[in-house]
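Each of the two complexes below includes subunit A, the first together with subunit B, the second together with subunit C.
Here is the complex of A and B:
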């Protein structure tokens, strides 16, 4: 193994504290490392630096050096090196550290600068926090508490700018609140490469708008809402729905594709209001696709299954499990697992299939990848099925082998874990020919044809892990309680597997992981509790030869 | 403990007749026939409520009939017994108060939970919620004692306004520094 190269470290002095930081770090990031907050608006760690908000002004200086001898000059009063302070403040975001750099972030000059910048930013601001969705997570509000005057000296009339502007299908703009930081412009230009936003007019009349004939309609438009430091850009979906301070944050994973973008689910009293990205520099940086943010709607979607059914009649989970086993006891069983199940569920699905001596199948979902955060493989966890041994080869979109086996009369019962078999290429006649046991969240052709229906949970109502395209195993956590009548997939699968004669631990993550660690070599060191929030990369070499469908995307290059 | 014997003073002849005491009692009784009343015929007659009294919380309109609440939900947040429940909503773009943008779709105060602390009134940035002079609530069911938006405005009525913040905002929008 090659030892990682040591980063080139530079020692700087921030408010009297010495710290060694990598070369090229800017002052805001260096200050963050010593726990000093440098307020800023336009600076964003994942975007280019423009330095136009002037909020991060700091004082800086270098040790004085004798021009003739090149030796440091000592201050006779203290005996320490003399610092030549630059008489004017500098911006922290645009200043990279250099050896011996001294920074002052708390001096009277810096405080004056911050107060001056705040006053300028607020002169044309509408101060309509009571109706602003950003209130509670607004940088302008926060810094106004720290550096605002508390009253306004501005007696002239404020500027009038457009309000309630629809920039695109998902983003609403209030131009009066905009502080012209240009984060949104840089994001669309640099990250999405869809250059639609720009400023028109000059000075305090500058206005954010779309280029004529264009719309902020790309699948990443809602990231501009996340990075907007004020309430100028707001999400049309979340607009006026709930104040952010009521919302509980739960870490989760975006399940729309195998990228596995890290997310935060914001909920209150069992209702999810929005999903935002969570920073993971190895996967999604601080971004996520708009399509993934709408996934919470499936929790309350029409057609949600909430009653256990046996032969079309309401039943109880225990009776349904017994009925399902009764249909499986004569052999000829096929288990259709899912690339959308968690690693734990796939492992128990494998146990169930082994106990029933069933053939296992998986359905692939392939769509166009966008090269950023939506990959071609729309199943979030196909690699989990490979790691747990549920499948050995990559799945196909149509269950051709299962269809052939049904036609040949070899298969009498199909257990489907959330997969719509009609969607996966089975005809109505084939569905009618077999007995179907369906575990799933929403009604579809398969649940309608099934003899046993066991309602299960969406990703927001349970905890588990997923393996993304990088073979990074990441965990998601339960955000809202399950609807009455639906049971955790893991519990249902464990009940089925135990009834079928398999030895499965209690359907609880800690116990399941203990068993997985002993049986799956690739996961031997992992427990659910010790898995870091940013995930853990697994060794992908056993599956390196498989022709995965994903193309290149952010932080991912497919193996040749 | 020491015991101090006290000798009782024997009653005089006048005292033994009891007549002065009866006359004194009758005088007091007779005085109340003519004195102003200390009680009132509640509930037909009600006491005057002093200004600043913390009665039932209500929602109010401004003198132009605009509902003042913008559903910022600060009262819901500050309410110690969690008696307030707001469903925020958007004002339609063609409404006369469209420039306010936000108003409550539903506003409920559970009077079985309310402790009349007045924090909601204190926190309200729009001066929309006021604890006024209504001091009794009664009902036959728990649901009846949850005041909905309509009931809250009925109880609140219109209060004078010194700011007209949103009217000023609209005037600025119409005659402001447009470029």
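Here is the complex of A and C:
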């Protein structure tokens, strides 16, 4: 008997196993919950259901009900309810659970359906896996192995289609590999609202293309590459560069805005090859912006700082730290912290500023939000600066108060944590008036003007946490080793703070978090290690009144 | 026994000398009198008449029209649309076009009555793209009817308003499938929709409840409302009420369109007595009874079983010639009445070549959404094309059957059945011809690459 369940749960029977699943779940997802794989291509949990690939066909039945008494008819042999099986197979993606629903995913009919669809998908497929970027993460390969017959009966000529269409600046299409699942079309139409893709021609000659005069050029175009189940859509950047099975995957966070899209960084032997989104249904679903994927290029970009400098001469970290402190000893110090620093770094930055009795500033970085996954606040961690107490109010444009203080002669030394002060609004004259200590990754006007330069790391070379626009604290992990000559920001900051007289723990995440937990009430229960991969929402009420710049975006609504 | 006489109720004036397709002629023959009366009756009464009549859709599936109207979601508060399916593209079928060309006001009257019955305020006639002449005639007829107050605002002075627009189809067979048609009418590719959830009666045109009926079906509605549902049941046979129009093409002496009471005429009577039998010196070999997608019948085969006659079950033992031409009888013997397109093949026809032709059509017309239909239809076409081009293999028959078996019942729309039934039935009935084709034909490989389209 099907046990009665909570009103919002529906009990279904999948291959003899009973499971209660939320109403509205489809058969593919319900089966997933009992560990049963229903192979599929066109279905994507974040897109509308079109039911075109027919790979997910299953058998479905409902308990027979006596029309007179409305009670279930029992099978005399087993004493269990008799099931009326629908003779035609049904699509699992388009079939939602209903009470008493019975599903067979392993019957001879289902097996035959899958073998048929697999065979059909392969007859006109070029089978060029040896030169295909998707190999290793290809649903066609996986499901051909899992559900196909393993041999071909096709002796005819295969269809010929365009092999390398530039759909846009970042996406290359091989139409022969396309299985016409329409995921890419639905994604760009439904999620990005940029309806540019479609099929032309009919039947097996159907061909994916852009509408005349259009391009797949939106800032989310590379998500089509991620969701393409085959190697039809490829990233022009990643194409032919590396076999995916050689790549190490490291969880990270997109730092291009306060959205904090969850990502995976794919690297091999210290070189990053691509960044892809990581599913977080509270933040970015399964998507991320193209702009965020390019960020790995900063690791090897020209101008990367790898030499410690004091007064323009090569130096050592310890000498540089001493020199920095020397420039701060007479007071009149300003610390320019960063909304790009991690929570841990901001906390130590605050320690440093306190020890130096310095004023603290934060660089504001605002641009138009796209309503999806790039928010107006282009700093990934302004809220971290609030939570750690580095700042109490939101940063204003152009470092206005710092500029005024320099003009007034109150500031003699500026310690900049990764921020280009010129870019942030200080004039060349203002820069010339002060002594600059610069911690950073790339050369710029500030590093050029600095008396002390301490090379630090990009987000890909270190670990830490960020607090996104939702006040969700999320962690990123070191994907590749630091370049020789550059030091972890946390280490540099801790050295400076200690030299300035502050008490800071060893520059190591566990120790830092132990200290943070005792000092920062909002973070008292958190450690880096126990932070879930999808992050943790902090209580935002202390900052509810602040006029944050973000507008509405995916999974985020600004407080009124 | 001679064949029964034609009973022309829909084709009453088709090819009648002096009958023109303008409004004055239609009015002279009693036109729009049924509509005038209908709009004074309660709409439910009209629906009940249609239910009582047992009218089955003439578009192909034979679904009861009254039941279809009963499924319409009338509680949603959304407008209800009616679409006239005038896409007539099933090979072998040519009845709707004659109605539209020669008697368009009959269709308009039937449509308006159906609209009034179902509280429809806007209807579309979706006419096959390749019928520009028909579209022009309909436009003109609609303009006349609008001017005379039969279409548009305040119909016949009752306060009821409903307009009809002609929409020219997108030039593909799949545009005739009702959900593909709806997509096309919305301005998109005619990709059929999945059902559930997109049953037209609930989520049709613009996601509103929608009725899709064939041209001929709606003409029958006019007859039913005029004469009553009971009177209609007295035409034809039980469960196969009214008349059927047969479009006979192929190897008979007198191909053409003929209207008979459903089930009152047999295949033999239709082909021999009405259509004059085979061409001189030829013999009938095969016939497809309901449009090219219906399963083929082989002359000489016998169909045996039990069927219901009145309250009794009686044995039947039929040859092709004995089969009554109605939905149920043709369905019983494993084929279908479909759209009424009767395609006759005599002993000059090679079945492999005939199937190659049909397969070429279906592979060209698959919309391409579902894997089995898209790939299967083209694969079957490639096999039969290769066979007729001289490279047949003994194993092709089994392969064709196996490919065809992987399609029906596994697709979004009934095109999956339509494209696989020909192959399944040709192989089942003429398997020997397929197996022996390589030897029998001995066609040299063509020197140039020739293709069948």
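Quick note on the criterion: the second predicted complex is superposed on the first by the 553 of 560 C-alpha atoms of A that agree within 3 Å, B and C clash if a C-alpha of one lies under 4 Å from a C-alpha of the other, contacts with A are read in each partner's own complex, and residues count from 1 in each chain.
One rule holds in what follows: contacts are C-beta pairs under 8 Å (C-beta built on N, C-alpha and C of every residue); 3 or more make two chains touch, one makes a residue touch a chain.
This is a predicted model, so every value here is computed, not measured.
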item	value
Joint occupancy of subunit A by subunit B and subunit C, clash or fit	fit
First, second, both or neither for A:121, with subunit B first and subunit C second	second
First, second, both or neither for A:499, with subunit B first and subunit C second	neither
First, second, both or neither for A:205, with subunit B first and subunit C second	both
Which superposed partner A:88 touches (first subunit B, second subunit C, both, neither)	second
Partner chain in contact with A:130 - subunit B first, subunit C second, else both or neither	first
Which of subunit B and subunit C A:240 touches, first, second, both or neither	first
Spatial angle subunit C-subunit A-subunit B, Cα centroids [nearest 10 degrees]	90
Partner chain in contact with A:50 - subunit B first, subunit C second, else both or neither	second
Greater residue coverage of subunit A in the superposed arrangement, subunit B or subunit C	C
First (subunit B), second (subunit C), both or neither touched by A:157	both
Shortest span in Å between Cα atoms of subunit B and of subunit C, once chain A is used as the common reference	9
Subunit B and subunit C contact sites that coincide on subunit A, given as residue numbers	156-157, 159, 201, 205
Residue ranges of subunit B touching subunit A (in the complex, touch as defined)	70-74, 76-77, 88-90, 93, 99-102, 125-126, 169, 172-173, 175-179
Residue ranges of subunit A in contact with subunit C within the complex	49-55, 57, 87-89, 91, 94, 112-113, 116-117, 119-121, 123-124, 153-154, 156-157, 159, 179-180, 182, 198-199, 201-206
Contact footprint of subunit A on subunit C as seen in their complex	172, 174, 189, 194, 196-197, 363-372, 374-379, 382-383, 386, 399, 402, 406-407, 409-412
Residue numbers on subunit A that touch subunit B, as the complex places them	126, 128-131, 135, 156-160, 163-164, 201, 205, 207, 239-243, 245-246
